[in-house]
């Protein structure tokens, strides 16, 4: 029933390749099926002005799509002269989600910037960015720990994200682009490795949804995230 | 226990004054306690390029805050030269939410723009904008109907929104600013008058939440929205 | 002869409601007929770089129109990405006019920003902004004086403004929009309460004017401003 | 008493050199003492959208200062990314002033753009731009007439401008920079060759002025403009 | 003597992997040592306004660097709000260079946009972009030919580029970042497969160079380009 | 054979008038035939952040064209809101070229900004800007030396630039606009007074060139620059 032939609760193949760029303190290329996102982590000793002197760390994110990551070419945001509304929303979500897994006291007064650049898009780029962004963050923090720059591990629990939605009347896990563009209800779920919730965003496009449906999607999301957390662990072992 | 002395499930006083500006096709000033938002609806015969010729209508929204709607003065976005990420996110949410209550075929190829301008802010401005925006939309559509420009009512069911969160460990309804700035978990819920869900956005700031807590907040949101829908009905009767 | 039925030298009804927003140090909603402007004053301890260390204070202004304050909707300047030429001109005029009534030594090294936001427009918004802006300024300075932050009153004399023009061949006071859009000669006059002049701006559109006509308009302006100064006094008593 | 040793009602030496650039349809370099402005007129067959099909012509202006036209270098507005408030005000004034001397029906549906670029500044650049801009306009219109593209002369009467102010307590004509930066009251007067008024802008900086003083400045302005009109006539003869 | 241990006339290892993104009509990832650039070609039926109706085709290019392609993180140009001068120069060079290998009549009225995005930088990114951009262009044109959309091959001869410079007093081929940042003289050479020249850019930084040195660098460039052309041929065979 | 009737190796008439603006520390108006560029030098004690504290000086350049310096009017870059790619390229080239003639240690920690504004364009504006910019720089440095602010002359050798190209199959010196718009190969050559090379930029438009042709153009360039250096010496003697 799904265009890809997947089961309702079947994720796309996930792969996470680490160390893909020599300059970043942490990096990975995450592939969720045909969605490919390059995630890098940059360590800096400075923090944003609003926490200067607080002793707290900061994790922030930026997101971009290469112009031809999509079916038809998108205009380059640098050429347009500003980041679009969708970009801004997504990078705020990534940063907020990752911070939920970080002990900012233990991190100390430093900033880690996660850059998520979509090389190829086939739905679910924001979720892939969060999941891959966590891996880049983990690797950068490992470097800090190895160097003795932090005393205890500032990462509390892994963070991962997956989309679910109602496609052709059925709850499905990990929407690809053909499903995403048809789904009446569509959600992004960010969870911790222990199954607790960090962020839930559900939207209906031209329809509504019930609490029962919301529950079904949450069930799928918890299943999906547990698989993603395992993939993260494999990649950073 | 709440700074305002309200019960856990008690909304702030709601008032909706209509017809507040003579030029707009629909307008209201919505007050949720000390949060005051001016909402106007503008009817236009043109539609955005991506639906030209489709026969479908469009509802979109813009959002702004007056510089001194807040405790300390914010820079005017027109002077900064761009709308901030928060503004962009909010106006996308308002538009998407309102469209969920609209039969775009019945509306016909025309556009209604809802402007939500915050005169005074005390938490919950995006929810007040959706609830008030719906009233402005209702009034503008009434004009269309009276003029015979649409055949059947293009508004399916009222749309309203309320925030809920976990404050001092307790689920509370309709957060004001002092609660909002302290709450670890914070959600915005957009519902239809019949209780079905349009949009759910829940975020944890430096903590996580469980499915049970999510259920409690949804219960509160449904209670709150039913009161808001009654206030909308009163204002547009 | 005037569209509104007013006498040549008759102002529109003026009302000034103070304390309209709880956050600003001074605020009012001024109504000149159907022109409604919300004016707020913000006190800040910092001054612009060019007077840092001079001991002098600064008063500045910003101006905006809500998108649907006008007959047809205007694009939001924050969305366009810059303030238009008319906005820039008007806010420079408001700031310059108000400073003419301020003893900047007595004010001391602090800044007061006057925000004038047009809720509904029907001609004369810049004049209403100056007149209402003065009230917001007066109220904010009263707060400074009450707190003992200034020793003597830094406000020298009230400042108010009115437009006059030649409409259908006759000099008329306080143009509303239907008159303004037809008038061949149109002026804005900023005066002090004692009748002395601060700023005179007269323009002919597709015609010229004589020194005699200029004198007649000045006579009207002086009459109008004396009424506005009385309204200011009433509102701030 | 004046820094330059001039009499109170003495203008700076005026020279207007025409034909200074081979590409423009009309051009001049106007020198008012040490203020040098290059003015060019560009003829185009298109008009702005708001008058398309009206049969009316349009005259508009743009203004700029070379970065080192001033005592200390100004940042280039193209590098800053926008035209400042002063630039916008001045170019609106130039366009409005010149249009007051034009019969837009006789001009026919075409646009003339006057560019005024300040090569060297010593006070009074906006007035020099208007006076020189008129010459460029006159020369471009002469070309139209010679080519038979207009039937009757669309220029009604010459337009020129001069600044006057109160310097060291005395009314003076044609302020140079040292005077301008000290003057408490300062005005720009745009007149037609027949002495009638087009635009009057008077401002007090930290003081006020009386109607009598306004009259004295107008007297000076009329004297000054009659000299400028003679210089324009000489240059375009 | 070279930091990398290479011979003076030895290129870095070159690899060109094609078909790296499923959406683009042509794509490759070119690696010149540690410089990795993703190049995609987008076919569009529209052309820029200045050649509409001419029957001629157009090839243009855009260039970007991922924020962490460099040793320390660069600000994202989309966030800054404009493309820097270096970016603009490089993308103009890439487009101009590639057009030199294209018969624009044979291409017909269509546009091909080459996007070059630097994944990892270690010197020579503009040359790698040209060389890889040609491969993406070749692949996209192959598609056109296969589909019968062009009659004869619009590509005249392969285009490739290499940098050369004077490092530690010696002419060296294919500068990497450590060499580039030290070289006193530095050039970029764009050639056709037949050895003829398309573009030569040589700059001295804090020194000068002689015609003899220029000749030596040209010799190296011709050697380098012949190797690159072989690699292009291998990748597109 | 050349549209102007010049010999293949004949420059246009060159004139350099110095001291053309009273505010700049150095200035000239350079005329290469109908190409007229105003060049000014501004001395400032501050340097850009990246060399603060290094003891080294900096020379930078900005470039602009007056809107009607060209055959048809160009839009003002300040109105467009950004400098175009061509402008950015040219001003980077001017700055880089001039720095090649400066001993930055001897200059000391100060900045000289060269502004080149094209009054009238007829081809070769970037070369005229470099040649004239050097004169402005020389004059400003003379002032520094006279004031004893530098101990030894920080200018090593004069810098001048000329364009050459292949027009109608023949190598020609100093292209004017009619030639430039037809030339298949076109180069800009920046040299020092002693004949050594600073910058070579050669481009083919829709053709290619050989090393022999490159040599012929270099011969012409050396001839041209020697004439320009003589003109510079005459102007600054």
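All chains are identified by letter, namely A, B, C, D, E and F, in their written order; residue positions are counted from 1 within each chain.
Here is the rule we go by: contacts are C-beta pairs under 8 Å (C-beta built on N, C-alpha and C of every residue); 3 or more make two chains touch, one makes a residue touch a chain.
Each chain and its UniProt protein: A, B, C, D, E, F = Ribonuclease PH.
A quick note: this is a predicted structure, and the numbers were derived from the prediction, not measured.
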Both-way neighbours, i.e. chains that touch chain D (Ribonuclease PH) and touch chain B (Ribonuclease PH): C
Fraction-based call for chain F (Ribonuclease PH) against chain D (Ribonuclease PH), same above half, different below: same
Averaged-CA centre spacing for the pair chain F (Ribonuclease PH) and chain B (Ribonuclease PH), given as whole angstrom: 59
Chain C (Ribonuclease PH) and chain D (Ribonuclease PH): spacing of chain centres that average the CA atoms, whole Å: 28
Inter-centroid spacing, chain C (Ribonuclease PH) versus chain A (Ribonuclease PH) (mean Cα positions, whole Å): 51
Two or more partner chains touched - positions in chain C (Ribonuclease PH): 81-82
Overall pattern in which the protein chains touch one another (line/ring/star/complete/other): ring
Running round the ring (origin chain E (Ribonuclease PH), first step to chain F (Ribonuclease PH)), the chains in order: E, F, D, C, B, A
Touching residues (chain side chain D (Ribonuclease PH), partner chain F (Ribonuclease PH)) in the complex: 21-24, 27, 34, 38, 40, 42, 44, 62, 64, 66-73, 76-83, 87, 113, 115, 117, 119-121
Chain D (Ribonuclease PH)-facing residues of chain C (Ribonuclease PH), complex: 82, 85, 88-89, 91-92, 96, 99-100, 104, 187, 192, 196-211, 214-215, 218
